[in-house]
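Should a chain be cited, it is by its letter among A, B, C and D, assigned in written order, with residues numbered from 1 in that chain.
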Amino acid sequence: MDLSVEVAGLSLRTPVMTASGTFASGREFADFVDVRALGAIVTKGVSFVPWPGNDSPRMAETASGMLNSIGLQNPGVEAFCDVDLRWLARHAPETPVIVNVCGHSVEEYVRVVGRLESEPHVSAYELNISCPNVDEGGMAFGTSCSGAHEVVTACRAATARPLIAKLSPNVADITEIARSVEAAGADAVSLINTLLGMSIDAGTRRPRLARVVGGLSGPAIKPVALRMVWQVANAVSVTVIGMGGIMSGEDAVEFLLAGADAVAVGTANFVDPTSVERVTHGISGYCRDHGIARARDLVGGLIT
Amino acid sequence: MSDRAKATLEHVTVVRNERLSEGVGRIVLDAPRCARAVRPGHFVHLRIDRDASELLRRPFSIHLAQGNTVEILYQVLGAGTRRLAEKKPGDTSMDIVGPLGTGWSMSDATAHALLVSGGLGAAPLGMLAVELARRGVAVVCAMGAPTVDRLVARDLFEKHARRVECATDDGSSGHHGFVTDISERLLDETAFDVVYTCGPEAMQRIVAEQARARAVACQVSLERLMACGVGACLSCVVTTRSGRKRACVDGPVFNAEEVVWDGSETPPRH
Amino acid sequence: MDLSVEVAGLSLRTPVMTASGTFASGREFADFVDVRALGAIVTKGVSFVPWPGNDSPRMAETASGMLNSIGLQNPGVEAFCDVDLRWLARHAPETPVIVNVCGHSVEEYVRVVGRLESEPHVSAYELNISCPNVDEGGMAFGTSCSGAHEVVTACRAATARPLIAKLSPNVADITEIARSVEAAGADAVSLINTLLGMSIDAGTRRPRLARVVGGLSGPAIKPVALRMVWQVANAVSVTVIGMGGIMSGEDAVEFLLAGADAVAVGTANFVDPTSVERVTHGISGYCRDHGIARARDLVGGLIT
Amino acid sequence: MSDRAKATLEHVTVVRNERLSEGVGRIVLDAPRCARAVRPGHFVHLRIDRDASELLRRPFSIHLAQGNTVEILYQVLGAGTRRLAEKKPGDTSMDIVGPLGTGWSMSDATAHALLVSGGLGAAPLGMLAVELARRGVAVVCAMGAPTVDRLVARDLFEKHARRVECATDDGSSGHHGFVTDISERLLDETAFDVVYTCGPEAMQRIVAEQARARAVACQVSLERLMACGVGACLSCVVTTRSGRKRACVDGPVFNAEEVVWDGSETPPRH
């Protein structure tokens, strides 16, 4: 079974990557999965300086999903290089590392990319222009074509490595945004980030999240994610990385059929820490059962 | 705090599941790997139902571990614990991730330990009492609960502690009032080397303050909403003097001195 | 217990209405609930001429939700008056009837309203500018401020009855649209209509809906709906009718707390045909347990 | 087609649940109101699990009604039917909405009726066979199934029909081939007044064509994806000569002549 795929010029062993912010940098899951066997590791969001994240509570369970308002808590790019990249270089030397980059301003994105350029163990950047949990930057860039274009253009000038733009689903027409980041030089788009949502505790009459609103993920959003992946895959010619509620190999196959070249597994890691491996085996099993020699032959194979 | 253990994903079989009092139960699970690896203060992340619209696991302290089994004391609060209460012996539908977290720290220098529990806060103190007693530490327990039926770990504590004192909100057993009244008196009576406490956060905070005022070391076990349970998602942060820490890996047990009691982080009230 | 509320100038016995398209005109549920006890009945979408709707399959179950692509199948306004309105006048003479109006063009909305003006048993119009299941009209109007403004302005000129604009969640900023329909003279906004989604059968490699995409409803979308109701209630001063995944009285209370003046129950009717009554009793029970004398005192009561 | 009944929401208790063959089961439910009101060809909308992420009810034909109980034959396909197969006697977690739909039409002028079933299509024909026999109609049954074990309603049909003929795909019982081979021969041999059929849509279509060619009345029972089951949502439409009709209220039984077999409307294959 040939599971290999090509993503924004990188060759991945399997089409299954981790979704940013749900797998840390792999170390926390080393008891459960072989991080060397992953298609790629997408790290949590990394900013130039340390970010404290939002107040607690930061999480609320919802029907077939969850809200989070972590707010990109991270120790900043220096600590990331010292701790996370070092661990990855040692324990998963062959696995492509895609760093999820965030910033409060265009300049901060560029500074993070600039700092990482000298790190040999970084394969690509995923520009997080879609985080709903920060007041400045994040989703503000990803919900307008001009904002998205600006961030990608600036980062494009700063690196020759593959650039992935992570798109927000909180827009009327996601294909517009996808086309604008493609025009700005992105090598790939990844989607979807979380849907902006809210949860209320009727008993206390308070929001369940300290920040009031947060990002919705998990199976609840899969129909929206599949629809957007299908629309975007039909609108751009760059690589498409699909995610949103993938829990099983069959879910992943659905994203490939809709046009994703690779997929990422997020919330499922919390439910079952072996999810990335389970999803990968599920794709193999599906291919075997359906007489498909190469997983990449599934890409865009939806019959309409 | 004590070392972390190697965690695994383990399918479990229900050995026993019984109601202890109104809304409180004890479930015994066959979980050999976890039972072997667990140390006092660790917890497991339990998947109660695969098909439910509630997706996430639920964290529960290991109250006791014996042979191949682990024991959990649970309070029925929401959908997850309601279904947990319905599980029958022989049920194989659940799995756990664990043992997780950083548990209670035990020093060889400890001769006298005070354990202060509020309600189901007794759960993570069970293994601790057993282990301290085994090490020859003189253990004194102060237990609080709404009513006598809810003093669920009393037999265990009475077996392993030199002394057990109880407080109930309704006066149905022991002191009619707060367990913190008892802990205060005990701390004045005896020179403890360490206080271990678990229960409602407001109670833990008072106990921590009582210990601090007397320069006695104190460890607390905190509850936070947890998505991953393994340190990846940053749902469960506790504000400490050295920044935000993850309750699931850096805790749930913390040195009380480290904790900044900002009150904003308690799980939902029911 | 006083459950009465005021919605766009109408006095409703309870804050619980039916969501358009999920309750027909009440007759189909007469075995299960007392239609005279409802806050209001919101009818299915009515167009000027009969619409055939979309091809089948038109429904797909998803995690804690469902997709539909009915496509506003309806027999047209004449048949609606003959059959549905007549039945309602006879069996629920005191219950306000809100007709959900749809059209392929601004003119068609106006023609439907025009035809209904002479019908005494119509209390208000809900302009469906948010249906994701038709190619022309529907969501095309509801995802741009100018389109939404145009439909509401034209219908405003055609009637003095209360006008409710039903908003689409498939937008970047729903408060913009809400403000533009308020400016155009809408007396209320109702939200949310369904999120555009898609489902794929990995086994057959086909979309589960003949139309490929459809509208997502049910508990899965409740967090998104609550967030939007909260945002809109803070942005406009007209009446807000909240819906999206309401299954229980507690869910309804959450919408009231977020700022909805009334709520509508949709997909829940399929799961439990007594849902509207159950939700109503649930609100009473909540008020009783929390010492609240009037349900309307809950509106906007979220503590943040 | 026959009259609709007054439907209610009724909590049911599982009386019996047994495996009949690989992936096929029979469940008997205590449901007095439904049992009283149901007529041949009606179905119920069954809520299998309240907490599951699958929200919707599942439609099932009533195979038999006796006293306070109704009987359903089910095939395990997806999550819903998988959980249905696990229900134990005494279970009270399910409820039904029903009886629903327009059932089989029976004319007093009928003397000879042919019932043609494919697989679980036998389910809605059960009550019909009983009722026709009670009315003195001469009933002949043609049954098809993949293999002998799947001829699940055979005993019932043998009890009430003058004659039962079987076909299996693997030849393990009766004719080695399609049930439509049998129905064609039977239609040539006997002058039936009416043909009733249920099974895969392709099969029903052939049976309808066989009847049409011989000017015999034919009724079919169609499956559609159903959300509400009560006529409100328009999920379940069937294309007919007089426009789109709702399978849940205008059907599931239709006069075959009315149906436009556009093939686009079949539920998911498994």
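One rule holds in what follows: a contact is a pair of C-beta atoms (placed from the backbone, for glycine too) under 8 Å apart; a residue touches a chain by one contact, two chains touch by 3 or more.
In this text, all values refer to a predicted model and were calculated from it rather than measured experimentally.
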Determine the set of chains touching chain B that also touch chain D.
-> A, C
Between chain C and chain A, distance of the C-alpha-averaged centres to the nearest whole Å = 34
Find the geometric centre of each of chain A and chain D from their Cα atoms only, then give the gap between the two centres in Å, rounded to an integer.
-> 47
For chain A, jot down the residues that touch at least 2 other chains.
-> 63-65, 204, 218-219
Which residues does chain B have that touch at least 2 chains other than itself?
-> 53-54
Just say which it is for the chain contacts: an open line, a closed ring, a star, complete, or other.
-> complete
What residues of chain A sit close enough to touch chain B in their complex?
-> 21-24, 28-29, 31-32, 44, 52-53, 55-61, 63-66, 68, 70, 73, 201, 203-204, 208, 210, 218-219, 267, 269-274
Can you name the residues of chain D that touch chain C in the complex?
-> 6-9, 47, 53-57, 97, 224-237, 243-244, 249, 264-265, 267-270
Touching chain C in the complex: which residues of chain B?
-> 53
For the complex, which residues does chain A have touching chain C?
-> 62-65, 67, 143-144, 170-173, 195-200, 202, 204-207, 212-213, 216, 218-224, 226-227, 230, 245, 250, 253-254, 257-258, 286, 301-304
Would you tell me which residues of chain C are touching chain B in their complex?
-> 63-64, 219
